[in-house]
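Shared between the two complexes below is chain A, which pairs with chain B and chain C, respectively.
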Partner chain A sequence: MMDHILVCPFNEKLLSRLKQRAVVINTKDFNIIRYINKELDNSNKLHAIRVQTDKPLSEIHFHEEWGKIPLAVYSPEFGEFKNLLHQLNLIRKLNIRIFLSSQHEFNFTGLRILSSLQIACGLYFNEEPHNWDSINDLMHYAIYTKTTHAPIEPFHWVAINYQPSEYTDYSFVYFNNPTQYLHLNDQEQIALTAEDLAKGNFIDQGIKSLDSIHKNKKYIHAENVRYEIMLQMNDCSFCQAFRICLAKFSSLKNKNQTCKIFFSDFLNAADFALSKRNKGNQLWQL
Partner chain B sequence: MAVVIFKAIEKCNSNCIYCDVIKKRQDEVMNYELLKLIFIRMNEYLKDNPDENISFTWHGGEVCLLGPDYFKVAIELQDEYCSETKTRIDHQVQSNLTIITQEIIDLFKKLGIKQVGSSFEPIHHIRGFGANRDSHLYNQKFIEGIKLLNKNHLTWGVIYVVHKLSLKMPLEIFYYLTNLNIRSHPNFNQVKLYGKDKNNLAVTGEEFADFLGAIFPVWFKNQDRYPNVQPFSRLLKNVKENSLSTVCESSGICSFRWIYIGPDGETSQCGRAGDYSILSYGNLRNNTFEDIMHSPQRNQLAERQTVLPESECENCRFWGICHGGCPLDAYMTYSDFMKAAPSCDATKIFMEKYFEPVTGLTVDFKPR
Partner chain C sequence: MANVLLTEKCVRSCPYCFAKKHMDGSVLPELSWDNLIYIADFLEISGERKISLLGGEPTLNPLFVDFTTYLLERNFHVNVFTSGIMSDEKLLESQKFLANFASERLSFTCNVNHPDISSPSEMERIDKFLTLFGRLTTLGYNIYRTDFSIDFIFHMVNKYNLKRHLRVGLAHPIPGEINEYVPVEDLKKLAMKFVRNFNLFERFNITPGFDCGIPMCIFTDKELGKLYKLSNGIIKFGCGPAIDIGPDMMVWSCFPLSGFHKRSLYEFNSLHEIGSFYRNLHSKIRTEIGGIFEKCDNCVYRFSELCQGGCVAHSLNHFKDEALVRLKELYS
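Showing the complex of A and B:
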């Protein structure tokens, strides 16, 4: 039984072979969003279109006709707020999450602005984030702030999904958890994550092999990869925040000053959000 | 409930630095005739005591060294000789998991086992194979074992033995173990070393209390995150609910409930008594469970519970959660059952220095 959502490029030949399967389409071209949606309308279940752009957010031209098409827009930087201002009403009407890179300092302010304007948004991490204090501040805003604001990922996802008895992997937010998402290229080569696909670390090839992917040795290994980390007995395996970080930044050298502080605070925030969920008043049923 | 600690084998594939079982009769395995007799004896006991159940713990040595055939025979013998009483026998197992196989797991399941108790040590060369205690290979095999248990939906938990080298990193060890198994949390025990401490691993009661004390505030603040860490959960429950300890060594009521059975059919009080050949209750060949349960030797353990509250534990407000500690531990240290165990130091120090200040609770469990 195939239950993965497949993340792949917009390739009509490929998509024709993925009929009835849920897909996330990767593109860099805003101009083909409507076309993708139309093409997939009856044949595939469109989970989302992920648009990776080099443009600052403020330079993107949003369109009303994108309507309810599920969009994840990844932009490196916020840009000029004055240039975005006239599009805010339109963006709020769209079915969209806007992701900004952790690389630019102003993005942290930008994400607060978007969130306070009721636009769902998120942070994506560059390979070696250097601004852990800013990430931490944003997480605090996302989870602890009482004023109404739209979700900021991955903090919101963790806040609503964290359970103490389960490992919490926020990679879902980025379509990157192999228990739910698998990545394909035009040649039908299959990878566990977007990074693996880009690096050519494939686990199999061919649409048919998706049906037996649960028996694939590399797939099984990935499901158990946390045990390999525990065997290495590195800093991550002794860190209290491992349960929500899962060693995503294991290559960082000065963990005590960087990721360890942030993820320990993030774990406390997740516990706070959980207790808030559990204490929430349940309104009687009509 | 009667508790049977069953060591059909004392041989082990590991060479853990603090283990005394491995110094004993390495090659003996209980034969099938004696194994049959165990089920006959249990059946007699359960028929004569219709309100009783038996908790039957497969212990070792390493039980997986028995091999699948041994468990197959055990299941057949239980079916044949306990046909009416087998539902009242609750099988448990302790294993280091390093040689567990799918075939053995299938047989554990047939015995009704849902959880496997184990041990783990993140510090290298404490638990391991061979003279040098190859912990790298040991840990790999352990992880393979837990993957197999997970695949079969069997849960597992670990006991962590606190020794001298652990003292440098209590929180790191705590985080490691709770990261390794996010659902079942560790039980911290003080290492028991009798005689010469040639590896310099012994810890004092105060050192053990300080080890626990480094972890306790973190645990207390985050109990939802780390449920069921022992001894913390148990102690907090005892104090909050004013209930007495039920753990064997601090319960004070082990006297007439526990039976150790060794590879030759010899019986004793518990695993620790068996390991050090203290308190022989006779051989299973010549004695029924009822005889063993009522061995006059047990009276001294019961008597201890009246002697201590009138002597050295008279004014101890931690009596109800300690009961003088493990009588075997007291005997091994002082050659006298009527003494409080050395672990009492750890209990007192931990409760006064850490538990009470952190929780704001005051403990008053003086003997009545």
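Showing the complex of A and C:
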């Protein structure tokens, strides 16, 4: 039995063929959020609606009727705090995570603002992030700050899932890990990640093939080669932080000055979070 | 409570300004978002829910409204020290975002000078501010000479329906600087002048409250009895660390001591630690000189902490022209 969550566009015909499956719906249109939820109410299990918008966060019009609909909003920039102010109470009531791009410098401050105001949020990386110091500062804020604040992803996800003896892949946060998520387009073409889907790197086609995806050669191959980079002689394979980075930024040229510093600090922070998790009196196993 | 400077720029140039030493060297930018968030977290960890925003003139920080609303969203009680002098644009923005808050959450202390030393345009702007924010505002008045007059205050409180309280400050010397303040030997005269306003406080039902550094003994026992009644039993003659945090994240005890053992906020883990650090320094000064009067050394009311012996900056001023014979911490 197939247990993947399927990430797909909002296409009623497609969704009617995905009955009883968990789905993440990709959309750019805020106006159809309520409609999507209604449409999926009885037939599919809605894992989340992922809304990618070009609007700054402060210009998005949030609605009370979104209620408990699981939402992941991806916005390129924070915008003006003043313009967001009248919506803060409402946002706090919604079942929402707000993601801001690593492209704009003020977004790092914006994420601190949101988190400190108890709004769950996250950073999404652009292809070649240039501001590693800012990313590192935000990670420190997310993991080490002592005040009560809302989670900032992907840092929080790593902090609660990290195990030193395993690889920790924070791509889950972005619905992008093929062990849990598969991506579909309107033509029912299946890809391992959103990037693969966009590039046309499909592993199969057709809803029926989802049930036997574990037997799919391309799927199995992709699973096997995921950690192959460890066997290669390159910067990533020698990096201590590979366990939580998994060579996501292998194309960067100057790794020693960029991702390596950040991910090494991130690994230390993950260790710190783990030791905090393990602190306290542990009762014997029942 | 901590005082956070949003900017070091000011719209006025008051002759008594005890923030002057700090402001004059100002080449620093305004407080940034990141520093504000750090400060808010720091105060929250310290268990502190009250915060004062000041400057310079805090409304000159372009993010003044953003910062104030952010802190209110984080459930801090915010008090803004302002001259009330701001552009129409800033006033409109403030009205839009701040005017509807309850006074238990947001308040203003508007420091006013006598109309005789304020320009008509200043008075016009203050009028606009108080018309909009009167119900959230307490007036503050700094005494820096013995021939002061506060008659106009009573009129303003009624005219703008302000909070029925007057925060009375005393201008203090800035060690090593020149500013106007009432010399120690004239404080009794100042008290006599202030006492003449007791009937106005009573008639207008306005409570007086002293800012720090006023010694108790400049009033007679009879006057103190009246002050007790006028102030609803809340009258203080204290002097202790106020804790000011600058836009550059430096901290100091209070404006008159802004050059004295300035430290980085990052050196401390809580507001309590900062308070202890500066209280310890204050107590070292008090060990050298009990207070601003000689009799402070053996005063039972100082020992029982009913009075702190006046502003510690006066005491530090004693040391500036003498040989370095005191505790080394007093010469920082």
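Keep in mind that, in the parts below, the second predicted complex is superposed on the first by the 276 of 286 C-alpha atoms of A that agree within 3 Å, B and C clash if a C-alpha of one lies under 4 Å from a C-alpha of the other, contacts with A are read in each partner's own complex, and residues count from 1 in each chain.
Basically, contacts are C-beta pairs under 8 Å (C-beta built on N, C-alpha and C of every residue); 3 or more make two chains touch, one makes a residue touch a chain.
Nothing here was measured: the structure is a model prediction, and the numbers come from that model.
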Clash-or-fit label for the pair chain B, chain C on chain A = fit
Greater residue coverage of chain A in the superposed arrangement, chain B or chain C = B
Cα-centre angle that chain B and chain C span when viewed from chain A, reported as a multiple of 10 degrees | 110
May I ask you to decide whether A:F172 touches chain B, chain C, both, or neither, giving the answer as first, second, both or neither?
-> neither
Could you tell me if A:R243 is touching chain B, chain C, both of them or neither one (first, second, both, neither)?
-> first
Quick one: classify A:F81 as touching chain B (first), chain C (second), both or neither.
-> second
In the overlay, answer first, second, both or neither for which of chain B and chain C A:R112 touches.
-> second
For A:F272, decide between first (touching chain B), second (touching chain C), both and neither.
-> neither
Smallest Cα to Cα distance in angstrom from chain B to chain C after superposition equals 26
Which parts of chain A are in contact with chain B and also with chain C?
-> none
Which residues of chain C touch chain A in their complex?
-> 33-34, 37, 40-41, 44-45, 65-66, 69-70, 73-74, 93, 97
Given the complex with chain C, which residues does chain A contribute to the contact?
-> 81-82, 85, 88, 109, 112-113, 116-117, 145-148
Where on chain A is chain B touching in the complex?
-> 164-167, 224, 227, 230-231, 233, 237-240, 242-243, 267, 271, 274-275
Note which residues of chain B are touching chain A in the complex, please.
-> 122, 139-140, 143, 146-147, 169, 171-172, 175-176, 178-180, 182-183, 218, 222, 224-227
